[in-house]
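Structures incoming, each one as structure tokens.
Same chain, two partners: chain A is paired with chain B first, then with chain C.
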Partner chain A sequence: MSLRVSELRVVYRTLKGDVHALDGVTFGLADGEILGLVGESGCGKSTLGKSLIRMDGRMRHLGGTAVLDDEELPIGDDRRMNEFRFKRVSLIPQYAMSALNPTRRIRKLVAELLRSRGVALDAAELESRMAQVGLPPDVLGRYPIELSGGMRQRVVMVISTLLDPSLLIADEVTSALDVSTQKAVVRALLGFRDRGYVKSMIFITHDLALTHHLADTIMVMYAGRLVEKAPADVIVQAPRHPYTRLLLDALPEVGVRHADRRLTGIPGSPPQLLDPPAGCRFRARCPVADDRCAEDPPVTALASDHHVACWKA
Partner chain B sequence: MLRLDDVTKRFRTGMLGGGSVTAVSDVSFEVAPGEVVSLIGESGSGKSTIGRMILGLQPVTSGTITFDGSHVRPGKEFYRHVQGIFQDPFSSFNPVFKADRVFAMIKDVYHPSTPGPEWARRVEAALHDVRLNPGQVLGKYPHQLSGGQLQRLLIARALLLEIRLLVADEITSMLDASTRIDVLNLLAELKARGLGVLYITHDLSLGTYLAERTVVLRRGSVVEMGPTGQVFGGPLHPYTRELLAAVPRLHQPWDDAVPVDACAYHVHGGTGVLAEAGPGHHVACARLGTCP
Partner chain C sequence: MRRYFFRKLLVYGLTFFVAVTVNWMIPRFMPGDPVAGMVARANVTQPQAVAAMRAYYTELFGFDRPLWQQYVNFWGAMLRGDFGLSIWLFPTPVSTVIGNAVPYTLALVVPSVLLSWVVGNWFGAYAARRRALDNTVLPVGYILTATPYMWLAVLLAWGLGVVAGWFPVAGGYSFALQPTWSATFLLNLVHHWTLPFLSLFLVALGGWAIGMRNMIIYELESDYANYLSALGAPARLIRRYAFRNAVLPQITGLALQLGVIVAGALVTEIVFAYPGLGSLILKAIQNQDFFLLQGTFLFIVLGVLIANFIIDIVYVVVDPRTRAGMAGANA
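For the complex of A and B:
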């Protein structure tokens, strides 16, 4: 097993108190596995991604562990974590433009970054990796502003994976891109895994349809907790948690017309995590909730690879 | 109601304005009352520029835009009937003021003589129309509300005017899947009451959900337009086919079988002249009818 996260709890400290963004999340990631992480805004999916690489000043690690390749990640310790960043755990940020230094040509930017990590630049390797994502070699001599959004995103992807990290975290990398560019980016990510540049990957998104084309496993989160985790096909074809079903019902597809089939949103909004309610957190919006849901549903295994946290599943 | 005829927009570029870029070229279409037209294109296709020209935020270089037969003249009377809503709800509001200040601004400009209690009643009715609970949104600052609530506040604000045309530029792209559908269903209700909507998006599935007619833009030109069912059910232009093939679908693998190698649009990098391929269905393809 490549990554093992157990009972991870992370809070955001605010003036009003702690916001429980991650409240006891447990999951594993096998070698070569791509995990799609989906959920609404504020469900904790980005917090989970950030926790595994760098917590910002407002975040605090309350408990739980993350073990990568049999070595525990010091996720609460910003300085010790530096040893792991980029070399063992790497991140592709959402906004590629703000990730690239606008005053440097790409080649110089990469060389400086590698020097800061004590690694020499292998120019041939860099060019071959650029070619694999469809970028011509002359991109290296250009400034970030001279590249289109999709090209910048691919440059950042190549840089992030240059040191062959074990775990790659891709946080909403396709959200700002056009459909055809999205497709190229997803294909490139699959290529990274297939060529062994990265061992495993967490792909964070709110786009269930796109995740289904990339991920082996999909994990759905709600209000800081795991709701359902199963192979991608099972999540899409036979979801068991009411929240997963409602998310799928809200998904528009090309060809679905308002006049023919009315899609429905999920009524209500997620609970405040400053003071999370007791019991199942989806209870207030759930169409099948009853008295039993006042008690916390444990994450149970329906099959060896299908986990659900619901009394009704 | 709204009509664009051969609208072209050129931007000057370079330090002395020596160069020029054609962002929109010869675009013509109409939006009728109670009709949703979706304007679909990738980044840089000129779709937002068209929206901004309709709203009078940018002048046209050539061609005409008319609303009810008269030229667009941005001003109080025009904005009483035509309103725009944009992508990022958080930058549409001033973070320093409470979000419901947008309603007070409408009152000051358009309804200064309406008595306070009567105005409050109308604000509540408008909020009810967009499925917002007044108690949850009034008196709050923008950061205390969600993206979906803020977008709905802007629609409610438009409803307090005698709005007839809404230019919706990527209004749902920052929202969650479930909220996105709520906003779209709301537009469908308003459409049934006679509102015309120009729905600008790069998301094909959202574009097809509501629209009667679809306009596909590529590099500032219309490549295909017509009834949504025909444009997406039987796309004729290779660009439309490519776009459709790139959309991730839940129950199908990605379709790579789009034969574009032998296509004139790829060889010459250009398109043909817009010609009628069926009733109301126009395609700009040089090899229309001869392509397999």
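For the complex of A and C:
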């Protein structure tokens, strides 16, 4: 098991009180596994990604652990966490297109970053990895502003995986890209895994269809909690949680004229996490909810690799 | 690259032409008659003598020619380095009068501009990451920037000059001394220079510190800074990048400030009766001295243009984005 997260609880400090963005999330990630993390905005998926590498100033670690390769990550300790960053856990951020210092040439930027982490730059390796994502070597001599958005993102992908981290967190990396570029990014990420540059990966997105192509396992989150986790095909073909089903129903299908069949959404909106309601958090929007749902549904294993948090599953 | 500088030079040339023309126009359209003033100063009562003097001066300064000819002659003379004779200090050539004043103004403006810029940037960057310093530097900075030059100058002159008696409050050097290269004279020069310098330096300092502090905070919250810290880069590296990028708008600010600073120096020189270009302008206006006024303005215009051109070059060197923009313009 590459990564083992148990009962992770993280809050955002606000003037009104703590916002429980991650409320007891437990899951595992095997060596070589790509986990697709899906959910709507504010469900806690990005918070989970950030917690595993660098919490921002407003976040607090309330409880729970994350164990990477039999070593516990000091999640709440920014200073001790530094040793793990980049070398063991790495990140392709949501803002990859603006993640490079505009006034440094790529080669110098990479060299300075590596030197600051006490690693020597292997120029040949860097160039070969650039080539693998389709970037010519002369890109290294350019400034970030001279590259297109897609090229910049690929540069960031190469930099983030340069030290062969055990865990790579890809946070919404395809959100701002057109479909053909999305495909190229997905292919590059698969290549990183297959060549062993990264051992395992968490791919955070709201795009269920795209995740299906990339991920081995899909984990659906809702309001700071795990809803359902199963192999990608199972999630797409035989989902058990009503939220997962509604999420899939909300996807447009190829070949369906939406003039004939209107696209359905999920009515309502997620609960406020400042003071989350008791019981199942999806209760208010759930079509099959009843009195029992006032009690917290535990995460139960339907099969060895299929976990659901629902009384009705 | 060459095209960029060619275009820049063209713009500067055009600016120079317009500035010189306006410069020539202003004194001529000012109310008052300088020749009448000179004649009056001579205290002659005989009407014939007055008429003769008036004719002599008018001919000497070329006021009897049509305006367009005066304008053309002005350009011709200027290109030969001849700025005419000063009316106020008749018959000293304007170039000599200005030549005597320029070192004082340069010694005042150049160090105060550059030092306040460097110290202000350094101070602001430092304040951006020390809360205690931030809470003290910032209010003081706001007060300093909001202070008018002359008011601070008067305050300094009164506090450190009149009350404390540490510094002289007027002049470029003591009247008891003759300008020589002796240590006594140089020390005296520095002593007289300190207060005007301080007033210019302090007012500018606050603005630079505030600007730099805000820019650094903005840069430290930018995406690239976040990415670097997520990859565990030390704060030292991130701060270095932030400083480098935050300085760029400050360089633009410096270029914009130059014109204002010249005006500030003018007022400060008048307050301290410092023998630079500022005092010269005042005297020239009071004495209807066209030629001196033209010469001084010309010098200031030249100074601002040259300084801006230098900053243009510096900007191209330090910011790769301007170079990329130039490549785009060429393509």
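Just so we're on the same page, the second predicted complex is superposed on the first by the 311 of 313 C-alpha atoms of A that agree within 3 Å, B and C clash if a C-alpha of one lies under 4 Å from a C-alpha of the other, contacts with A are read in each partner's own complex, and residues count from 1 in each chain.
To be clear about the criterion, a contact is a pair of C-beta atoms (placed from the backbone, for glycine too) under 8 Å apart; a residue touches a chain by one contact, two chains touch by 3 or more.
None of the values given here were measured: they were computed from a predicted structure.
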| item | value |
| --- | --- |
| Chain B versus chain C as contact partner of A:P102, first or second or both or neither | second |
| Touching partner for A:S160 - first (chain B), second (chain C), both, neither | second |
| First, second, both or neither for A:P93, with chain B first and chain C second | second |
| Touched partner set for A:R13, first chain B, second chain C, both or neither | neither |
| Chain B versus chain C as contact partner of A:R80, first or second or both or neither | neither |
| Which of chain B and chain C A:E40 touches, first, second, both or neither | first |
| Which of chain B and chain C A:R117 touches, first, second, both or neither | second |
| In the superposition, chain B vs chain C on chain A residues touched | B |
| Overlap of chain C and chain B interfaces on chain A (superposed complexes) | none |
| Residues on chain A engaged by chain B in the complex (per definition of touch) | 40-41, 148-149, 178-183, 186, 206-210, 212-213, 236-237, 246-248, 250-258, 262-266, 269 |
| Chain B - residues contacting chain A, complex | 42-43, 146-147, 176-182, 184-185, 188, 202-206, 208-210, 228-229, 232-233, 242-244, 246-251, 253-254 |
| Residue ranges of chain A touching chain C (in the complex, touch as defined) | 53-54, 82-87, 90-91, 93, 95, 98-105, 112-113, 116-117, 143, 145-146, 156, 159-160 |
| Residues of chain C that touch chain A when the two form their complex | 222-224, 226-234, 236-237, 241, 244-245, 248, 319-321, 324 |
